[in-house]
């Protein structure tokens, strides 16, 4: 949905993605208008599958110009693709595809907690978060809580991003809403449905943009606009703690 | 050290490794006798660096015939190597090396805890454990404790090996001794020094083999032979617990 | 369609029957997710489900989820890895069956979820997501579609998820489940396996934009048992996915 | 060597001085580990250390460790990843400096830790470990050696860790620290940077198996301060690494 919002706002020149839509309804109307009609501006689309975009980031994360894969052979995504080309297996096996490295200028990731150096603990859904943080030239970590470094060091296997890769740490509780953060926030599904409805027309989108972005100076204002009741309903207060892990030497 | 012991016992035909020695002293005398003199039998040695052997396993783990790397260029390890060969970058960058997949018949890994399905929690030192478990045709998980599945499920991010990759689960506390297991056992350094001394001669090795392998029917006998005092000294009783991670939805 | 169950509930039952016990299943959202849960609850208690975001579960989430990254889908998972990890397992050949959908299908089982001009104007669809990868790499795939003439095309406009093609390395479309029937695609053409109760061969011919062979007396798709319906309605209590207006791919 | 400090203590101090503040350091065991700790305690408080087993630390372990996988090296780490993860960061170019050792070195800074026939008979050494990777991929490398004629060879028998060679992508040997002095290798030849107190140019010439240029009045290696010695003796209280009989690479 965030893709769609940025595209519809006219801030995007090029999209490199496997899927652009709305988890609530499928189609992203802002993306469709840009792609089909060039409104509010033309976008260049680099289509991927989940694995090929993941491998493109992983290649950059590994410091490699490309990674090989079998995924996509026989399909149209990889045909004439600017970042994917057929290669031989140097060991004589079946042909492969090379997925060229994708090195974002900036990765912005949301985690549960980090110390002031950017060493970040993340749990729950991972997706491509770690690959993006490794691949990017600059990585910004947004966290629910900046914690004392002893918290991070108590569980170094939970540190998915070492701080020396991180350019900035932002403490912004609820910064991922309306998406969920395991143990902190539930997904607010209604805004996904509402955005799906309202973004069907450019006017609807502009109204949404004014209400939820332009008229809200910061995240506290956003939460206030959501309403205390909604925030309270979404905030996780239950506890289902991970089993103990003893690191004593 | 385990490499050296198996080689000296004559059970190894081929070694694929980046380093074979003894953390206490450097040289592995059993390895040297086999390599230099063919005693007790000739071995074939496939030399690697840590990264290339890691990439060989990772390639198999990813279902790929190879992975590219820049590591090793200009050196002798990769020259005429049976599993490593020079390749072009399909995107026109500098030349690379292709490291061919290494698919072990069996991986045997030691973890802190697993459920009866083999879903395994591992923390502390990881090295190449996960790559080996993914790459192997069969994976045997040895654990300090078989735990109820609710323990594993309380922290799915700690499950580094999903059970459907696991052929067998063995509950064998202390099964990694004299090596350490984070939170369970300290490293017993003395046996590394003792083995280094005694394995200097074939006779010394045979005495070690009799005392520590052939004459001990099982692991409880091994622990008993170590002595109660040693076992008590090595067992971790302190607690340095990982900070809480809340998975509540 | 009778009044006792919706066509989508029938499709969930058909999807469940495509899963054999102990299989590793690449699960999508919507109907496949329900089908996986139903299979687990009935004939395939030891099946394991992989989600493209990295989650591995051996039972469905406790509560309804809108997306596979929703917190309830993490709680109780056996593992929560990254996208590249589960895609690597898929590429390794560790996944027996995967479910995918699309906006268009052709007789070779090619699916399009990228863009189409079937209506005259260009329509942009969300893209592959993980579908292209599952189509490329799973041991076999099950396709789920709304059965409409504009969706069943001699040749899809764009092959997002490749069907049968010469040189395919493994897998390919095995079964197509639609709003009208179940079709066998394993031989590289569309053969009726069963028609949903009340559906006639003529209806199917009219709804299929390419010639299709139908035996004289095709069997009827098995109808949901009371237990199966009970399971589905427990898992999707508001009919979000199994109600009357099914959402496409 | 004076009675106030051992030659190895002097080498630790020299190693520490090779680390600049805020640098990312690939740390080995033994002297480099002590050098890293000393640099952190003095002029480089914000340096970060990577270990090839996946550990990332920004301060030394609280207690003595024999291997980098020992439990005390995990406790207090900022991250504990896998081998491939840290090697990927190395390959990406995120590591400023790495420390390596060897049994033999030549004027180009090539190191051999694999096999040699310098004594007439074939001698097998443990192999690369991570040294070949660090030599290939770090921003620069610091070599640490015992200074003996049989180890300083016109051409090493086997290039385990490549030094300077045409077409090198990045990095290469910057400094060589031996039991006799500190040498600048950055220009692709061996130039004396300093001789340890009491060491004469003649001693160095005799101990070096190839011609070496020494300025008329080479400076003396800076001696350890009381604080530096106090740090080293706290970190290696029994002189395991810094006592009189240094172990080779």
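Should a chain be cited, it is by its letter among A, B, C and D, assigned in written order, with residues numbered from 1 in that chain.
Here is the rule we go by: contacts are C-beta pairs under 8 Å (C-beta built on N, C-alpha and C of every residue); 3 or more make two chains touch, one makes a residue touch a chain.
Everything quoted here is computed from the prediction, not taken from an experiment.
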- Task: Using mean Cα positions as chain centres, tell me which chain lies farthest from subunit D.
- Result: C
- Could you put a whole-Å number on the gap between the CA centroids of subunit B and subunit C? 41
- Distance between chain centroids, defined by C-alpha means - subunit C, subunit D (Å): 58
- Whole-Å gap between the CA centroids of subunit A and subunit C: 26
- Message: Multi-chain contacts only, two chains or more: what residues does subunit D have there?
- Response: 55, 70-71, 74-75, 80-81, 90-91, 137
- Task: Could you list which residues of subunit A touch at least two other chains?
- Result: 63-64, 69-70, 123-124, 126, 152, 157, 182-183, 186, 236, 240, 247-249
- Which pairs of chains touch, using the document's own definition: A-B, A-C, A-D, B-C, B-D
- So in the complex, which bits of subunit B are touching subunit C? 60-64, 115, 117, 119, 134, 149, 152-153, 156-157, 159-165, 247-249
- subunit D residues within the subunit A interface of the complex: 24, 48, 55-56, 58, 63, 70-72, 74-81, 88-94, 137
- Message: Going by the contact rule set out above, which residues of subunit B touch subunit D in the complex?
- Response: 17-21, 23-28, 31-32, 35-36, 47-52, 54-55, 58, 69-77, 94, 123-131, 179-180, 182-183, 186-187, 189, 192, 236, 240
- Note on the structure: In their shared complex, subunit A is touched by residues of subunit B numbered 63-70, 85, 87, 89-91, 93, 96, 98, 100, 112, 121, 123-124, 126, 147, 151-152, 154-155, 157-158, 182-184, 186, 236-249
- Message: For the complex, give me every residue of subunit D touching subunit B.
- Response: 52-55, 66-67, 69-71, 74-75, 80-84, 87, 90-91, 110, 114-115, 121-133, 135-137, 158-162, 165, 167-169, 247-249
